[in-house]
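One chain, subunit A, links the two complexes that follow: it is found with subunit B in the first and with subunit C in the second.
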Partner chain A sequence: MARPGILRDWFLIRRDLPHRRRLALAAVSFLLPITIWCVVSYVPWIWHPDVKIELSAEREGVTTVFTAGDHVSPEFFPEFQAAVRAENKAVLAAREAGNPESGAKRKNQKLLRQLAPVAIGNGWLAYDDAQNDAVLYPLWGDLATGRKTAAKPALTAENLQIVRANWELLAAASPVFAFAKLPDEPLLKLIPQGRPANPVYLPAPHEAIRAGIRDFTAAAPAGEPTMFERYKRSLRIILLGFLWSCVIGIPIGILCGVFDFFSRLFEPFVDFFRYMPAPTFSTLLVAVLLAGDAPKIALVIIGTVFQMILVISKTTRLLDPSLLEAAQTLGAKPRQILGRVVIPGIMPNLYNDLRILLGWAWTWLVIAELIGVKSGLTEFIETQGRFRNFDRVFPVIILIGVTGFVTDQILSWLHGLLFPWAGKSGAFSRGVAGVVTWPIRMVAEGARERIAANEAYSRTNPRDKTR
Partner chain B sequence: MSATLELPDYRAQTPEVAARFARLRERPVALEVRNLTKIFDSARGPVTALRDVSFSVHKRELMCVIGPSGCGKSTLVRILAGLETSTSGELRVYGEPVSGPGPDRGMVFQGYTLFPWLTVKQNVMFGPLVAGRPDLFAESEAREWIDLVGLSKFENAYPHQLSGGMKQRVAIARALANQPRVLFMDEPFGALDAQTRCKMQSYLLDIWKNVDITIVFITHDLDEAVFLSDRILVLDANPGRVHEVVEVPVPRPRSEAQIFDPSFMATRKHIDGIMHPPGQEQKETPVMRLAVSDPDVV
Partner chain C sequence: MKTILRLGSAALGLITTCGLLRAEPLKIAYSDWPGWIAWEIGIQKGWFKEAGVEVDFQWFDYVPSMDAYVAGKVDAVCMTNGDALVTGATGKPSVGIVINDFSNGNDMIVAAPGIGSIKELKGKKVGLEEGFVEHLLLLTGLEKNGMKLEDVTIVNTPTNETPQVFASKAVDAIGAWQPNSGQALKAVPGSKPVFTSADAPGIIYDLLYVSPESLEKRRDDWAKVVKVWYKIADYMRDEENLDDVLKILSARVKISPEEYEPFLKGTYILTLDEALKRWEKADGLGSVYGSSKVVDDFNVRFKVYEKPQDTAKYLDPSLTKALAAGK
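Here is the complex of A and B:
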């Protein structure tokens, strides 16, 4: 007992840990990656190789336009700022020389909108209302006079000075927005602001959560399905595909496992076919089954069913042959052996096979949704990924993961209920299932209490029974 | 065992035992095996597992089959149960030739082979149900058999909840519920610990006393064979051949105390001599002297 307590308690060779410690470790196994994600996202000196622009500016004669939210390299950002400062210097110089440029109304209107990301960030403007000049215009005044102070993001002292300088010109012309009354000479541009950030493909947790909540609660753009409709459609494809795979694959698999005849007849071809990647059939499937969900479901089936036949035939063959012999000596005929011994005997293992195959089916779903007319969650991931909106992509990827994981844990828990003779389900899956089935159990509990109360009532009032 | 103890001839039978064997021989032949030969095809050419095995078992007899390992006991019983085919030879149950497995010949395996997804009761009901008996009938019958092996309390338990001895009792009840004409038992107690095995042997004799059943019992345990049997079929190894059929002179009913009877010991010694001939003993237990480095042990 010379080992220190912590080693003795947690590190035991080939020995199971107590229930509580196991649950704690299960929680830690999830907390650990999340913590790493948070640390990388929020502790500035760990990584942060980019600058995320919080406030942008357009440059004269440069076609590349950065908008707030874009990422640039830390080497380029000072150049960007310097370019804008140089433009401001030129404007001021022209102004002092007495010959400012004229006809800059349109340019000035755009320039005023530079404040929009700051206004949105501070909650003064709606997310999709960046061109609302009527709100933006007085905001310049509010910031210049100090009635409002930007906090998230804050304005640099340099930019605050520019705001004041511009407002002097603007206030002289009009207190509210009117295009005709905008100054004719160019205003000063706000200098781009940015902060160190991780690459765009790794949004911070809060960004992903915020984007996820927005996507799942907001109404969909016209003509596009909402996230829940997408989710439902994805689930429908995977369930139908998997169900059809089971309908085809389970009987053939069992027959192959039981009868050498079927094994020799089907397995060589199946073994060959499964090496042809399912996605290679996508164009063919679309040509045969046309657009819509049919080719997608067919792709899930092609991806799943051939593996299923082989896995199930193997599982069937693994059934203890002495059970078949015992059944024979008890007088069972081949059909009875199949129905009374083989099928019930392989059920628990077959069930576990199906769980694993369902996991594979999710992989095929993602490919299936990209063929023909893109649809479902994958279409969203694909589109948003192209726009580099990875903060909107992450929640959807995680949703797919959570769906698969929770389904599998519930199925694992059901395994213990369905096949009590094949061992208990794991504590973790029981925990997950306990959380998921909580509402159902509450309803059942209520019903049981009501029945018990009724019984107690009829016991105390025996006459009621005769009615 | 001291050398001074004089054992009687194993063939010497008291008048009661002799009369019993006379009655036994008059009973109809339940199982007749004639010139049974089994040749396996192996990679190194054909291997004769059994050659010209002939014997008969009378109704309500309990016969043990014993022999050194590799004598083909298990092959023999598997052929008798119809789980394997013989290369040549004939097998008759009450005069009718049989082939393939059937409910007329029950079997208890060493590995229990209970259906793990069925409860004790459902396991015992299996035979009657596949024979087409109605559920209720099969159930009440199963209860009787479970009662006979003393497991009424466990009729709704699953096999994985039972001990080895209990599992084997269920397997016996399951085989008997089918009411076979001959019951084969292939080293049924081989996987049990010594104490449980003793108890199970007494159980088996109790059951056999109460049920009209002919039993062919495969074992490699000499004491078990002598304790249980009316007659013992002793097989030679390589190839498996009938060496002798020994009539056990120990009177019935048997009890554990009888293992010290001179008749018991004489029978045991005789069969032991057949299975381990004096010249061969060295060969079968090679002593690895070279591997021992401890001078005290050498």
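Here is the complex of A and C:
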């Protein structure tokens, strides 16, 4: 039985697939990892080895304070709950015995804030306003009387009961928040709530997106750059580093490729130097260039320029020798060969080399930003990673990836535009190139015509030339 | 000729006066110990400007902050009294002018689940910064339990990396201070502190150490810094400011205020009166002099450095005393 058309001809040995199929596969190559990420994150019975705390409680005499969003092991979580239940039991026992502890105002104030993650999750409170007692206090009442019902996360029956019990005491004291009027005896603590979650280093896609949007839109804390300033600073370092590498590397690379003299003079040392990992120079660079961006840019240069010299000299050597022979036969001088034959000849390949080297420079950026005073996007990744806020780290890593990918795609497209003869251009970019270069071509054509006319004139009037 | 010389010296004098008038801000390196994070309150509230002193507080990791001081990039650095001796013996001496606090539990040796005491650390690996304050804490703990230096293997680990290293199970215990030790406790459920500075209070004092040249040249400016510190200490002591204090301090180390609150107990910030008592020369850990002497003996015994240091040279209570007298 013949297979239907759509299933046929996917696996052709050394032959390109039709354009549409290639596009479809390119899309799938992105969708595949994203789908895996979603499946692992959202299908509850796959993995999920941790418990993510949605509502937390502080324990007496323990300095480790868990807050909503922290991950704990499923073995520890029941212990945590049990510890809080035991504390509640003790409070109730003391209350019944008629000698409750006193001086618990501050403790109660913190206890009331237990509801903050619930309030934020349900949209009753802004994300950065978790200590807004004036809003949180009446919320206890609303939840106790059923005027409001928490949906994400929903309160357990046990916790609802605690809310009601606490509100009885609170309502008797004051309908609105006033520190002085808080009960003096301890209230009951809400029992921690949690849900199964993946390890902290693999946040779900929506968590990463939410954190990313928050980080990129929210105002930065006092004295810290915003995300866009960080981004700009990172880009500045990489671009300056790369530009300086080009300024140094391209001329030397071309000279090495053309003249054996320069090749022998530079390449052995460059070959040796490039094996010294650039990060080993970091402390030295900081000592010489002090803090600020200078040592960072220098690190990117060190990491890039030596490879650049070698790659470009190789590209130069690969230029079709028949071009050089032809030029020499026509009597071109070395300087003319360099300027008129070699440089235009290697341009398309040189451009591609630079594209790859720019990608190379990106890898040094991360290390460069860690030396001296940490800066830019990497500083953010570093600090947030240290505090295990990986949902905030992912968007930044992806941003760096997207930046690199998009720049490379644009540069690749420009390649067709700049070097239409190199044969990798589509009809569209050729069209654009045609329009952009039109004035230049017109001028050049005019010049050519004038020269031709002059030559024709001198040929018909040979005497003019001798004069 | 003489006139030229005189003119020259006059010009030189003029230049130096101009230099003094446009005095550079005092460059102070600080790091993530709760007693030093407290400077943040003065910075954010603009109290230094109010007091008429230009300061430039630079945020570092702890050991790099001392490196920066030794390299002469900053005029002052926040160190423990022990590490000031280490830095002095191996790099550059300094003079402590403010006692911020003494460590009262925030410095910890945190051990992996299953290790319940210092004694059980025998033959295990401990990640900490070699030669610095947590090393001292560990050695104190070992000595109190009748153990030897060789009973544990030290893995040199930057303090801010200890939580990750501990979570990776590459070591069995770590030495770190809050907030790093707290991160480690959180990262490894079931781990617990087996020895803390609360078990040896007074072994670790935290001070502001100034370079002797800068102290000599700009004594008045440093006096203003001391004054601002006690404004901060008083502000923190007032319970009404608690939420504001927690907000400022926790933001500096990027954790939540709830997580930060327990640190206040583990770092005992000294008010002016309390500090004066600690400045009195006496033996024992109740005095910063006594403590420094104890630590110096210790460092020599455990070969952190070779020669005993003149510990009194590292301490100068005069600015604090002058402030108290002026009140």
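As a working rule, the second predicted complex is superposed on the first by the 417 of 467 C-alpha atoms of A that agree within 3 Å, B and C clash if a C-alpha of one lies under 4 Å from a C-alpha of the other, contacts with A are read in each partner's own complex, and residues count from 1 in each chain.
Throughout what follows, a residue touches a chain if its C-beta (ideal position, glycine included) is under 8 Å from a C-beta of that chain, and two chains touch if they have at least 3 such contacts.
Only a predicted model underlies this, so the values are computations on that prediction, with no experimental measurement involved.
Asker: Clash or fit: what happens to subunit B and subunit C when subunit A is overlaid?
Answerer: After superposition on subunit A, which the two structures share, subunit B sits beside subunit C with no clash.
Asker: Tell me the contact category for A:322 with respect to subunit B and subunit C: first, second, both or neither.
Answerer: Only subunit B is touched by A:322; subunit C is not.
Asker: Contacts for A:210 in the overlay, against subunit B (first) and subunit C (second): which applies, first, second, both or neither?
Answerer: neither
Asker: So, A:274: does it touch subunit B (first), subunit C (second), both, or neither?
Answerer: After superposition on chain A, A:274 lies in contact with neither partner.
Asker: Touching A:287 in the superposition: subunit B (first), subunit C (second), both, neither?
Answerer: A:287 contacts subunit C only, not subunit B.
Asker: Have a look at where A:341 lands relative to subunit B and subunit C in the superposition and call it first, second, both or neither.
Answerer: Touch partner of A:341: subunit B, not subunit C.
Asker: Nearest CA pair across subunit B and subunit C in the overlay: distance in Å?
Answerer: In this superposition, no C-alpha atom of subunit B lies closer than 55 Å to one of subunit C.
Asker: Looking at the complex, which residues from subunit A come into contact with subunit C?
Answerer: So the residues of subunit A touching subunit C come out as 58, 63-67, 70, 72-73, 75-76, 106, 110, 113, 130-131, 221-222, 287, 290-291, 373, 383-384, 386-388.
Asker: Mind listing the subunit B positions that touch subunit A in their complex?
Answerer: Going by the criterion above, the answer is residues 81-83, 101-103, 105-107, 109, 111, 113, 115-118, 126-127, 129-131, 158-160, 174-175, 178, 184.
Asker: Which of the residues in subunit A come into contact with subunit B in the complex?
Answerer: 320, 322-323, 325-333, 336, 340-341, 344-345, 347, 419-422
Asker: Name, in rising order, each residue of subunit C that touches subunit A in their complex.
Answerer: Result: residues 44, 58, 71, 73, 105, 160, 163-164, 178, 182-183, 185-187, 189-190, 239, 242-243, 247, 251, 254-259, 261-263, 265-266 of subunit C touch subunit A.
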